[in-house]
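Since the structure comes first, as structure tokens, the remarks are kept for the end.
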Amino acid sequence: MAEHKIVDSRVGLTFMYNYRVGESLDRYLDGLKSKKILGVMCPECERVLVPPRSMCGKCNTKTKKWVTLKPVGTLKNFTVSHVEIEQGEIKDREKPIIIGQVKLEGADSLLTARIEGISPKDVKTGLKVKAVFKDTTEGTLQDLDHFEPVK
Amino acid sequence: MDRKVAIVGYKQTKYSEQNENPRERMTYELVKSLFQDLKITRDDVDTFIISCSDFQDGRTISECYMIPWIGAYMKDVSKVDSDSANAVLYAMMRILSGNYNTALVVSWAMGGSEFRSPRVMEYELDPIYERPGRLINEITAAALQAQAYMAKSKLTEEQLASIAVKNLRNGARNSLALRKKANATEKDVLASRALSLPLRELHAYTPADGACVMLLASEEKAKELTKNPVWIKGVGFCQDTYYLGERDLVKMDSLQKAAKAAYKMAGITDPARKIGVAELSTTYVSQEPIFAEAMGLIPKNSGPAAASKGWMEIEGKIPVNPSGGPQAANPLTVGGLIRIAEASSQLRGEAGEHQVKKAPKLALAHGQIGMAAQHNVVFVLGN
Amino acid sequence: MRNVAIISVGYNDRFVAKRPDVNIPEMIQPAVANALKKTKMKHSDIGVVVEGNMPTFEGINYPHLWFSDHIGAAGKPVLRISTGGTTGMSVFHGGYYCVASGMFDVAMVIGWEKHDEGDAQVGLMGIVLPEAFSLFQFGPDMSGGRGGGMGLLGGGGSTGGASFQALSYLAKAKGTPEHIDKMAAQARANAAKNPYAHLQHPNCTAADIAKTPMVSYPLRYGHTCPASCGACVMLLVAEEKVKKFADTDRVAWVKAVATASSDGTTGNLVDGQITDPAEQAICEKIAAPKAYKLAGIQNPKKEIQMCEVYDGFAHQELMWPEKLHLVDNSCKAIDEGRLAIDGEMPVNPSGGVVSTNAIGASAMVRVAEASLQVMGMAEGGHQVPRRVKNALAHGWGGLFQFVTITIVGDEPVKR
Amino acid sequence: MDKKERKETRQTKDTLDMSLFKWRIEADGLELLVQGFKEKKVLGRKCHKCGTVYVPGPSYCRKCLIDIQDVVEVSKKGKIACYTVGLADVRGNPVEEISVSVQVKFDGSDSWMLGNLEIDDWKKVYVGMPAELVLREETNGTLADIVCFRPV
């Protein structure tokens, strides 16, 4: 086979993106700022969705009624995550974290959240958990810091 | 639909961490070698359907410079921006329409050498909630799915490891595979690096450089081109809601619907008995029993039995991923096409070392994208 | 082969530069609702959804995954197609084949772009980055003067490439840059009659365009397209289902679809460029003849009453009708007013891409506008006055190397 | 049409860092070209089947889809196939030094090559104008050997 000239090239250029969160998530973030978790109800199937969005795909209907959910729920599923992804590299975390799917009281969807206050060895589905907000909230997703077991 | 569509030929590269050639020549050599096998030229191809990804190639409109290299200069071309099983689907629909008699599906990705797949897959997340939330990624989504399945079916970690062992062993028999571990044990799997439990490194797919090409043809044309065409008997595809918290990760509505549609088209009512071999895009091995159940290949919650009784081994009653599957090599977007090629070679009895014993009459191939397989394509093939 | 009809077109809203009020799926959703509203169809009747955009422009890979709930795709088959500038029409062709193949009775096609979330200029550079930067390995003169190296790089950009094409075209057509001014003025004035168009300039004149700064001779700012936000949705149904679902007697029948690709015809820096960007044999010699054959059209100039061409740059609005065999010499034709809405071959009554460019939607909008003309439903004064029996839609993309064509008409092709 | 009042919603940011990609490209044509410059030649490849001459000349023919090896020298003279003139910067401000970019089709080649044209008045340029590639006095086999194109 003939030899071919192969060149490597790399470019130090970055594409920048600024995304609009849109009306539903904006309102959700307003809620987090005042330490409230808001959901929205589909008028047809009456599912309460959290995080909220403007359409229910099941019914292809605009969601309408906003509800403030109690910041307590049940852990339905979880994973103990030992790694995080940083610019595509899989890096070990200093300490594993528990990523859980929490069913809030009155909600029909599961909210993904970090679970703290319990060791990875002891965590089980069915655990009752409550939301813990940052002391100072700024209207970002990080305002809802984590969930922890209800004592 | 009064036409039938056949797979008349296909070629895969050897999968590697870095192919000896750049993507252009890698794919060019493959296309040429398929043409040579089938004794055709690029003029015999009515339409070219590409499957590649701008995010995997790191280029906007990443097929621009590839068009001449794949033989499509001055030809009819389109590109599917999804797993390559979708490209086969589109090529098939183009032939079914009667507008075309032959279609070449071409897919490539430099998953081993040019990009980092976990980063690329982060761009599949919505940029306003999951991405800034930094909790969900391809690994944690698959882990949540795995955990949900294990809780429901009582599949043990050892049984999960045994599925990984099976795939690594199968991979060792596949001459094109990248990761080969003929002597891997459950212990090795359980001792491998913890990603997001229950998932570990040896449960995961192996990013690779590679390409695959496949020629489809109408019934008449297929009979001209080959003695042993593989017929596309049925196909189905479906997409779930995006939101993980609203999906039943174990039941997998979208895969169930896709399989149902494929079986209906193929006229199959009892897939568990009829399907002789399955090649599934299981990016993590935990998906193997989940997918097999969703598609009705094994009974509900029978993952533990399947694992301990070896149902899905090459010699088992429903061999799954005799090629080793994505654990053996996964050049991302090429995945679905490889599964279809592998399933076809099983039907033709050309799979060599990893050929299943009982020559199957019907095979199933599957492609997927999205977190915890949100979007699924199912092919039923027969000879 | 099954005949396929377009029974409805939906836009989300007027195309605009910025939509800070909505996220991407929220922007697209009204287009889906608007398309459905004009039919007797329920959402559950849709068999398959085909979607596309330019993914690196918004930095979302496989965005259809995210939109599932907003575009009514959850629980449905979804196919995603993306081919650069031709994306919108490639998506439409995908929807067409979903129905023509017999696999589905109803297809919904979606093309969109939300340009305010990314940087299209940088995104476009992404086409040639690896090739352009590989030149550095061969030691070009980087002094920035008249050295050859930078000249090699300079030709790769989009406007640079378009300028080459424009001059090559003008030389062949014996036209002048003033012809491009005229064409751009007509487009912007037409856009003012289209309630959905982005850049609207009522009664725009060639002199207005000539006042805009020169970017790269012969192209001026006034010759180039804006970056728009918006979505286009169309509903395609099989012949047997037209009566059941269409809310109008006048549907647009898909008479032909065709496509062809060449090598990059500009910026092919590494492998040699052998194709003239203004030659476009892929259109003139391959795709257009194929489309006319499929549609049973012998004399396109007579049998086709209007066209919508993809004119990212205004000179292309002159060039493409020639390559499509619809006009002999567009420079002459524009001088004589023959390309106007009430002319003998109206070109882009909608205002075209040069007035509105949400890239992933743009080539689909061409089919949508051609269909609306056939259906007699073009709003706001851009309906062609004489009856449109057949209309042609066109798209181009890549490094001036892809072309897509769709012909729609008021009667199905007899097969 | 009236501009609608639109409520601003919050923003999130992300980037696509291109430096994470490690591309490899086969550049046989460029290699041949710069090697030719050492001897002050313009070298390309010719397809032995269809006769197409590529400059830069890759090792395959896109028309015939075959490997090609035949190296040919093409004339440095050719015709301007098209050109563009940089008169303004990206913001529309006039530039100090006007540059003329040309694509030249070398005599005996099928390829167009990009470069800058050295000319006193850009208005004199026309499509079809004969032009010639000017190399440095002392060439060393890099793209920097190219000085410019000049009208013949």
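Letters A, B, C and D mark the chains as written, and numbering starts fresh at 1 in each.
Basically, a contact is a pair of C-beta atoms (placed from the backbone, for glycine too) under 8 Å apart; a residue touches a chain by one contact, two chains touch by 3 or more.
All of these numbers come straight from a predicted model, not from anything done at the bench.
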>> Count the C-beta contact pairs for A-B and for C-D, then tell me which is higher.
In response: C-D
> From the C-alpha centre of subunit C to that of subunit D, how far is it in Å?
Replying inline: 27
> Hey, how far is the Cα centre of subunit A from the one of subunit C, in Å?
Replying inline: 38
> How many angstrom lie between the CA centroids of subunit B and subunit C, rounded to a whole number?
Replying inline: 33
> Which subunit C residues reach two or more other chains?
Replying inline: 19-23, 56, 58-59, 68-69, 73-75, 123, 125-126, 129-131, 133-134, 137, 263, 270-271
> Residue numbers in subunit D touching 2 or more other chains?
Replying inline: 7, 9, 12, 14-16, 18, 20-27, 30-31, 62
>> Show the residues in subunit B shared as contacts by 2 or more other chains, in ascending order.
In response: 21-22, 25, 55, 58, 68, 73, 115-116, 119-120, 123, 127-128, 132, 241, 243
>> Chain contact topology under the given definition, line, ring, star, complete or other?
In response: complete
>> Applying the document's contact rule, which stretches of subunit D touch subunit C when the two form their complex?
In response: 1, 6-9, 14-16, 18, 21, 23, 25, 27, 29-31, 33-34, 44, 52, 54-58, 62, 81-88, 92-93, 99, 101, 103, 110-116, 118, 122, 126-128, 142-148
> If you look only at subunit C, which of its residues touch subunit B in the complex?
Replying inline: 1-2, 23, 52, 54-62, 64-69, 73-84, 90, 93-94, 97-98, 100-103, 123-127, 129-131, 257-264, 268, 270-271, 281-282, 286, 294, 397-399, 401-402
> Touching subunit A in the complex: which residues of subunit B?
Replying inline: 21-22, 25, 115-120, 122, 127-129, 132-137, 139-140, 143-144, 146-148, 151, 193-199, 241, 243-246, 249
> Which of the residues in subunit C come into contact with subunit D in the complex?
Replying inline: 14, 18-23, 56, 59, 126, 129-131, 133-135, 137-141, 146-152, 154-155, 160, 163-168, 171, 195, 200, 212-219, 221, 263, 266, 269-274, 276-278
> Touching subunit A in the complex: which residues of subunit D?
Replying inline: 7, 9-28, 30-31, 59, 67, 69
